[in-house]
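Here's the structure, in structure tokens; my notes come after.
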Amino acid sequence: MNATALLSAAKDGILTGSVYALMATGLTLIFGVMDIINIAQGILVILGAYLSYALQVHWHIDLFVGLLITIPTMFLVGVVIERLFFRRLTGPERTGMSILVTYAVSLLIEGALNMIFSVNDVQLQGSYVNKSFAIGSVHFGFIYVAGFVLAVVLLSALYFMLYRTRFGVSVRASVADQTSAALVGIDVKRVSTIVFGIGVAVTAAGGMIYGATNAFNASTSYDLISRLLTIIVLGGMGSLGGALLAGVGMVFVGDMVGVIWSPVWSSMSYFVVLAVVLLVRPQGLFGKQSARVA
Amino acid sequence: MSKLKYSWWAVAVAAFALFPVVVTNPTYTAIGVYTLLFMACATSWNMFSGYSGYIALGSSVFYGVGAYTMALASIHWHMAPGAAMFWLVPLGGLVAVVIAVPIGWIALRVRRHTFVVITIAIFFIFQLGAINFGFTGGTAGLSLPFIQWDASYYNVPFYYVALGIVLVAVVISAAVRRSRFGLQLLAIRDDEDRALGLGVKVGAVKLSGFALSAFVIGMAGAIYAMFQGQIYPQFVFDPTFDVSVALMSFFGGLGTLTGPLLGALVLESAQQYLTVTYSNGSLYLIFFGALFLIVITFMPRGVVNFFLDRRRATLAAASMANPSPTPSAPSTPTPAARSLV
Amino acid sequence: MTVLLKAQGISRAFGGLQALRGCDLEVEKGSITGLIGPNGSGKTTLFNVITGYVRPDAGTVTFDGADITGLEPDKVFARGIGRTFQLTRIFARMTVLENMLIAIQHEEGWLRGMTRSKSSSAEVENAREWLDFVGITRLADLAAGALSYGQRKLLELAYVLVANPDVILLDEPAGGVNLTLINQIADKIRELNAQGKTFLIVEHNMEFVMNLCDSVTVMNQGCHLVSGKPADVRANPLVLDAYLGGGDEDDEDEVSINA
């Protein structure tokens, strides 16, 4: 192993990891506020990628410009899903049910995407997609850097919203305790709908970058959702900072394993890291230890 | 259970036993085999996840382990192709149990929500392992000793063995529900910490329930491998299997005995039928997703519980109409108090 | 008189909040001991420490001469310490009778639990006797979640009693319960105490505490303040101060302490 490999893994960790972190942040935010595990996040990323693809192929709209359309669209998709299926979902089985409901939503979208776009892999194209530049001995793909910048911008906007706005206070209060938040007059239902919308909207950006850097079809969503879930559990469910660090860390570890042993083991390494971390810290890296006393 | 209920079970078993006698078309008896395998798996999944509330989404680990046990054992022991291979079915179940213990030990240390995700992660470890390790044959899969039964007859033995393990699964699930162990699982579902404070050994109870549920699923996987004659890692370690058994149980009614059976019967036979008729998997995905969402929207506790609740409500209304001997008793219907159907 | 349950120097912080700071408590065998103090003074936390739900940062809990500090809740329960919760905890989707059966399963190993039916007729009979004792036998086959608030309190009391612990910790057994039921509960406690059971009771209803308890311990801000006979404690100016001065909440208690 040499310094270049390490540097290159660190670069990938930060560039690609931040995009995963963006997608995972949506997931962990939804969980934090609503106790819902959105299994459909994986297929929604793919849906976001296909939207960019459709805009590009049919209307020749640039990938980044297309985001102005796909982000609001995905926000609406999120709002509709929340309204249709989660308003009624209450009671002790809520989280368990949410997994199955979102999985069913995921199957539905997967079937539809297969029928519309066929099961053949596609990849998003653009004049800049394959361009790269080098600093020293490390090569930077343009699209990866752009993805990183996009993720940083969107994550910053998200953090700003959460920590500097009135709405953010409502969201954080709902994360801390839904009942108390409702008692102090926060419209938890409205907050939930908007948070779900935002959590899904980030998949438009994530999906565009993902689609430009990977060939994909609808079934790619399984690989994606498994990684995203790994990230949020590793970071500690509901923890935004945890999602960020775990996203970067995971890609870094995967790359290192790929360099040291073989790329076939790199995806497996995520899950092994997860299992090992949970042995030591069952609540994840930044998760709260759940109290025994209700 | 009343005599009446026993006789309904007897009628159902007889109907299933007669199916291959009446319907001899191999296409349909094959659908029968797959459906029975899913009925067994969903029942067994429900025996742990439905009773304890710990939703596992990695059950195909056990299915795959059972399948690979059947494949590797029959190949390495040079078994004569034929009915003798059925003896490996219980072995597949046992190996799955052995694998389930360390998995459960890791996964059950965390709380419910995280547990789901860990089971998914462990599933991917196994799937990627099966693809990448040498002894599994990688993506090329493994070919089992080739059974040369006549096509008109080939499915029938598998059908009856599968029916047998459905019965095993039902008996285990019913026995658990009537045992103190089942009571402890239900207590864990309702309030795990309180149960701990009343002396329930929650760790041991959860782990043994988890491992027990692996047994039938492992056996089903073994039958599948033998039935197919050829296995591939992505088909025996299949994420849609994980969801299917869970969705089937929810569809029918989580924590009930008949719910998972009904769910698997409806959904798996429909899936097979749609696939055979239209040879279009995507159509099935849409059908499955939509049907589940519709059911869960209108019957949030599943089909079986929906009708049970209605019957209870009717009974309660009837007893309200008559002067009650205990007027001070609350008249609320008792949701899910008796899940054993 | 021998001390059955003893907590010494218990401290516990939650984040920056010091819920218990070197708190002491003694419960004599065969007594009914009251534990009072303003809201937030750490009574429930002390219960949680004793019963293994919360680990103390410092201090020891001894029961019957043995150190039980930091034991898991199931082990503490097995030693013979039963408790109820301030916010009643029952198994909502199981029947009332099944709730009772959960509480007696600790008498055997978990492996045995897998191979035996959920109850023998003797156990059911015993469970029904205790339900009868608290007056809710007729609800035995109902889902526990369908019970009213007061009925839940009684069920939780019954399923702790059926387990036959030596010491019973009750966290606000009269909270939110109507007067008839309060008196009923007090009678049950006296009856059981006469049969030799020891009680430790947290309660805000002063009349309840003063009439029932042999001795009372007062806590304030995570510390032991005073203990003694109910009449002496009531007359103690420190106690009045704790309720009137230090407490930032709890108006009712300020009134009822003089009742």
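We call the chains A, B and C, going by the order they appear; numbering starts again at 1 in every chain.
Assume contacts are C-beta pairs under 8 Å (C-beta built on N, C-alpha and C of every residue); 3 or more make two chains touch, one makes a residue touch a chain.
Everything numeric here is computed off the predicted structure, so don't read it as measured data.
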item	value
Centre-most chain [mean C-alpha coordinates]	B
Remotest chain, subunit B as reference, centres from CA atoms	C
Distance from the mean Cα position of subunit C to that of subunit B, given in whole angstrom	42
Centre distance in Å when subunit A and subunit B are each reduced to the mean of their C-alpha atoms	31
Intercentroid distance (Cα basis), subunit C paired with subunit A, Å	46
Residues within subunit C bordering two or more other chains	53, 73, 85, 89, 92-93
Subunit B, residues touching no fewer than two other chains	190, 193
Residue numbers of subunit A (touch at least two other chains)	92, 292-294
Of subunit A, residues touching subunit B in the complex	31, 35, 37, 85, 88-89, 92-93, 95-97, 99-101, 103-112, 114-115, 222, 226, 229-230, 232-233, 237, 264-265, 267-268, 270-272, 274-275, 278-279, 282-284, 290, 292-294
Complex contacts: residues of subunit B adjacent to subunit C	176, 178-184, 186-187, 189-191, 193-202, 204-205, 208, 326, 328-330, 332-338
In the complex with subunit A, residue positions of subunit B that touch it	53, 55, 57, 106, 109-114, 116-118, 120-122, 124-125, 128-129, 131-132, 190, 193, 239-240, 243, 246-247, 250, 254, 281-290, 292-293, 296-297, 300
Of subunit C, residues touching subunit B in the complex	51-53, 72-74, 76-78, 83, 85, 89-95, 98, 101-103, 105-106, 108, 110, 112-119, 138-139, 141-143, 145-148, 159, 163
